[in-house]
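The two complexes that follow have subunit A in common; it is paired with subunit B in the first and with subunit C in the second.
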Partner chain A sequence: MQMTRRMALGGLAASTLIAAPAVRAQAPVELTFNYPVAVGGPITKVIDGYCADFEKENPGIKIKPVYTGSYQDSITKALTAAKGGDAPDVAVLLSTDMFTLIDEGVVVSWDELPGVDKAWTDSFYPGFMENSRTGGKTWGIPFQRSTIVMYYNKDAFKAAGLDPETPPKNWAQQIEYAQKLTVRQGDNVTQWGIQIPSSGFPYWLFQALTTQADVRLMNAEGNRTFYDDPKVAEALNYWRDLVTKYKVHPPGIVEWGTTPRDFFEKKVAMMWTTTGNLTNVRANAKFPFGVAMLPAGKKPGSPTGGGNLYVFKAASATKREAAVKFAKFLTAPERAAQWGIDTGYVAVSPAAWETKKMKDYVAGFPPAAVARDQLPSAVAELSTHENQRVTQALNNALQAVLTGQKETQPALAAAQAEAERILRSYR
Partner chain B sequence: MSAIPTSSGPVRRGGLDLGHWLETAAAWLLAIIWAAPLLYAVWAAFHPTGYAARFELTAPLTLNNFVAAWHAAPFPRYFLNTVLLVTFVTGAQFVLCTLAAFVFARSRSRWMGLLFALVLVQLMIMPDMLIVENYRTMRALGLVDTIFAIGLPYVASGFGIFLLRQTFMQVPKELEDAARVEGCGTWAILWKVYVPLARPTYLAYGLTSVAYHWNNFLWPLVITNTVNTRPLTVGLAVFASTDQGIDWAIISAATLLTAAPLLLSFLLFQRQFVQSFMRAGIR
Partner chain C sequence: MARAAGIGGSFGRERTTLHAWLMLAPAMILLVAFTHYPALATIWHSFFSTPKGARPARFIGAENYAVLADDPVFWLVLKNNLIYALGTVPLSIGIALAMALWVNGRIRGKAAMRMAYFVPTVLPMIAVANLWLFFYTPDYGLIDRMTRLLFGWGPTNWIGSQETALGAMMMVAIWKEAGFFMIFYLAALQAIPPVLHEAAAVEGASRFYTFRRVTLPLLGPTTLFIAVNAVINGFRLVDHIIVMTHGGPDNATALLLTYIYDVGFRYWDTALASALTVVLLLILCLLAAAQFLLMGRRTHYR
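Up next is the complex of A and B:
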């Protein structure tokens, strides 16, 4: 409820900012804007507010937001509609859907659109652009982007005799801290040291570990993966050892969706999850909590995640022009800052962090800046051609190893072989 | 057993009791396994979020989750949409399937076998595979974002035709002949002889059809764009936003809200449902 109110307030606050007088009337253009939440959620109010504000500023343009469910549902809906000759004009879809959208031939690169200059596409954090550019073209504009951070329970740190202001800095400390934080009663564990979710899309969290082990999972062309690199195995062994060797991480598959809940209920003292959860954690944690950059292995690192703005090919020239205006409106520093504050997503451009609003927010709530400070070491989220199948191969390997069904080497080798088979035709 | 030789009566009853007891226990076990998620949903929905994963008899009861869920999405509109949808689909299926099944059951044309096989082919194809083709059709008809479009692809149901044809085939020819002697035309025979005799089939098929369309998600999501046309399932997806974490209490409350009408009607219908089958069996 609290979140709802804050978001509604955010929408209101944003609407008062824009009092620019109407420009001259143009022929009305209607843009369909697909946005990946289901109807009625608190975020829809913010998005509705943005659309209304934009229409006020640009009287010739109407925005029709269509709420399309989860990211998975959204890409299905967008592709189905595009094939059915009814593509949306603008859509927020996963940054990792880039290759899929290009291969399906349904999106147009931003460089080809009227009114797009390099200064604008370069104004975003390079870490976010890694997943938005390929082959020298910009296909996506970062909008709701995130990275993985570590949340920890300061009370639990104190109880374990650790300094609540110094979270673990590296892999060795992470194990050491987790051991101290794991509370056992007989054979039962009442509080786990650390939890890294492994359901749904374990590859994303795993990618943090591989980045820290100083290895990349795929190339920039999205047609080759490196699942069988020894450093990848090292990263996976680290994760598995947390479970089997050190016994500081719950066994089996850890649910992504309920991990924050486990944190609130003090079943786990440190959790890895998206910065998109920051507002949720702030509203629901009944104890002082800290947010930290992920501990470094050979180096620090995390993948980015989240959604980009795409423009569809089917959009007419006037619609494309309007789409650029709309994207510039959504990513303007003031609005990007407000959006970040309302949702916990990382504001996408350095300029947004320089706004007064954002500076005030960070001054009052320093954890908000952790994700930004981690960005220099951030890498692109795993994304290739035939993304679903290629990542699924890795997901299966990860889950098989974490549940003890397979050994690390053969599992990763099998995943690599599968990815090779799929990607060979794209070289 | 031989330790109780006093009278044979109690021993036999004891044996019977044991079998009966086992049967009852097994039935209860299955029932509990089946009902466990539902019971959990009831527990989580009526207690504050903190108790979602803890069981304490003294936990405070609350209706706040229902209030929060109700306000998170325009549920009245979704309910209306879903009811309109299932009424339209099931109604249209009954009419179309009855007519088709009657022809397949009673026509003597030698092409019937082939045609019927073609209808059956539909059972082998997952509806989800046809999503793009269906979307094109709906767009060509100008029906995108209408409740009509959600139901239309399902109206000609191969399963319904198959089920009704099998039932109609079992109707004795003598009944039809007798009706004809009484002066009934083909329409009257269909309406007064076949349809009443197939009532249990209609009920069974109607229930499965309603349940399917009540729960269908992907196609309604793809073909609709606005609150005015979206059914409950799509509305329920609001609560599954994994980016922000899942609140089991509210999601349970919302699930109960959306499932309640269906659950209640099944419970109410159950007696009639079983009785219909029994009556059909006795004949």
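Up next is the complex of A and C:
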């Protein structure tokens, strides 16, 4: 009995060994596709659906989606895998990871790939391409991109005697509105006027303020930052004053993750967060809400954010060809439109906004177009060589100032010195 | 076994040795592959620069350590970690002992109480962190509601202020650990022969005196075991910090291990991360050795 079982097992093993080369010869190209979301949940279903549809259209190609958690986890996994010789073929990673991926030498530029022409790479909003190109090469294809917008509670506006259809247009108005919207009971505040999250990645939200103060945080080569520019200090002082001078913004570090909840619970009347939250807010806000472009300082502005498609160097020639097909499939106007509708991300090309599907959606739900309308004033998200380290220096400075531990000027000067030390070797 | 080897002569002894090695092999291979080799490799790598793209690693001696000595964040995380360990270790041990004494007594609903104290241990740390994130939410979180009810305090941003963030992280760790240590104390308490307590009672010793002179000394070995574990956890239990604050605000809650993660897997400066790991290893080795030497001598084993 034992013998026969062993023999049967052996035979089985041998047969797969013998059959393997034949199977491999006929096997379709299999692309590993890392996608930054936790396993389960509605988004994975959408992505699974895209992969299945693509395989139907392209019988020779199989897509193996791998769900890799948060953006932070995803870049860690992708780089660790690449260093271990097991890189994914295609991955969605933060657009700001571009320099890191180039420096580690693990990605190829899209221009070198078969089937890529300039007409396609130019078909996306230029605002999104700022974080996708450097040194004249295109390294990322925009897929799930966002900007920061302001969500406001229309009921709270009415209660404060403000017109719910006219959100604040500029910095002064923003303070004035926030003052009217802050509700106090004795020493306690029951409703804050405005909330700008500052946990995790405060630099991103801060960059909206600096853009509005008409200053850039870094150069296009990603090897120089301008943290100590007086206008940057002006932007930070504005944020701090919301807390300390006008007392219309909750003190300390405001959690990114619980900010939408604070909004739903009516603890705050106006919040700044990503357009990627639009679907979430629409589903969970139990009151009429508005979406507005961020108020202008010297000028309007917001950084872009979100993820790009990257192709890894380790992918073979056939896989690279398949990767291009897949990227074109994912960013085709119809699909980009549907993706934007499903998630709240900004559809990445003007053509997507011209589709009937999108036009109908915007007609029925005008807030969906706010992020697009804000794009002309949008700038590239802070991204440099050794990105995480350089942005962390700024994060630390911001948090130190917002928690009242340091003064604006010395904090920003220290952050700039740290960034200089790191970036010097990249010039 | 030994006698059999003696009779069998040198061949028998060899066979016994072989058997011993074979028995040790599975555990040893795992230990060497996943503990000793990585530890040695880490020390080795800490003397090289970080390889980047086309630039391979090269020997730089102690430069990584010099960089650390100049790094204010390194000293800050070291200080934070010291406070964190000093706060969590005695408190979680003390609470564990109190809880164990409490549920070891004759009280109603003993089983339910023991269960309740043990629950935090069963929960994964990531789930715990997300739970506490909402406990600590300013204004409508559980903690703020309680402080308002009890003391009439206003909203406090527990994990978003420099002053309270580290304390808030320590609370979570103590809450998580105390129940686990309680189980050990409970087992040790039940192993103490009742005769000893009876004898103390006959002698007319007070309850406190009995506890101090009878119970506590007999719990010595358990306390040593728990103390070693608590100290190691004081450096190791950081999952909740990664979830709740990422070490912020402005590194107020950054500990050695979270800093190692940041340097290694966010900044990709693997060489510097190796040097940091060596520092952590050294600290842990020294602490464990000190505990065994100092406390071990005074611990009463039966």
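Note that the second predicted complex is superposed on the first by the 400 of 427 C-alpha atoms of A that agree within 3 Å, B and C clash if a C-alpha of one lies under 4 Å from a C-alpha of the other, contacts with A are read in each partner's own complex, and residues count from 1 in each chain.
To be clear about the criterion, contacts are C-beta pairs under 8 Å (C-beta built on N, C-alpha and C of every residue); 3 or more make two chains touch, one makes a residue touch a chain.
None of the values given here were measured: they were computed from a predicted structure.
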Overlay done on subunit A, so just call it for subunit B and subunit C: clash or fit.
-> clash
Could you tell me if A:T258 is touching subunit B, subunit C, both of them or neither one (first, second, both, neither)?
-> both
Can A:R216 be said to touch subunit B (first), subunit C (second), both, or neither?
-> neither
Answer with first, second, both or neither: which of subunit B and subunit C does A:K357 touch in the superposed model?
-> neither
For A:K328, is the partner it touches subunit B (first), subunit C (second), both, or none of the two (neither)?
-> neither
Subunit B versus subunit C as contact partner of A:T68, first or second or both or neither | first
Please indicate which partner A:K231 is in contact with in the superposed arrangement: first for subunit B, second for subunit C, both, or neither.
-> neither
For A:G276, decide between first (touching subunit B), second (touching subunit C), both and neither.
-> first
Quick one: classify A:K137 as touching subunit B (first), subunit C (second), both or neither.
-> neither
Determine, under the contact definition given at the top, whether A:D86 touches first (subunit B), second (subunit C), both, or neither.
-> first
Common interface residues of subunit A - those touching subunit B in one complex and subunit C in the other | 76, 80, 200, 257-258, 261, 265
State the interface residues of subunit B toward subunit A in the complex, per the touch definition above.
-> 49-50, 52-54, 68, 72-74, 131-132, 135-136, 138-139, 144, 218, 221-222, 225-227, 230, 234-238, 240-248
Along subunit A, where are the residues that touch subunit C in the complex?
-> 72, 76, 79-80, 100, 103-105, 187-189, 198-200, 250-255, 257-258, 261, 265, 267, 386, 388-389, 392, 395-397, 399-400, 402-406
Interfacial residue positions of subunit C with respect to subunit A in the complex | 52-54, 133-134, 137-140, 154-155, 157, 159-162, 245-246, 248-252, 262, 265-269
In the complex formed with subunit B, which residues of subunit A make contact?
-> 1, 3-4, 32, 37-42, 64, 66, 68-70, 73, 76-77, 80-81, 83-86, 146, 200, 256-261, 264-265, 274, 276-277, 279-281, 284
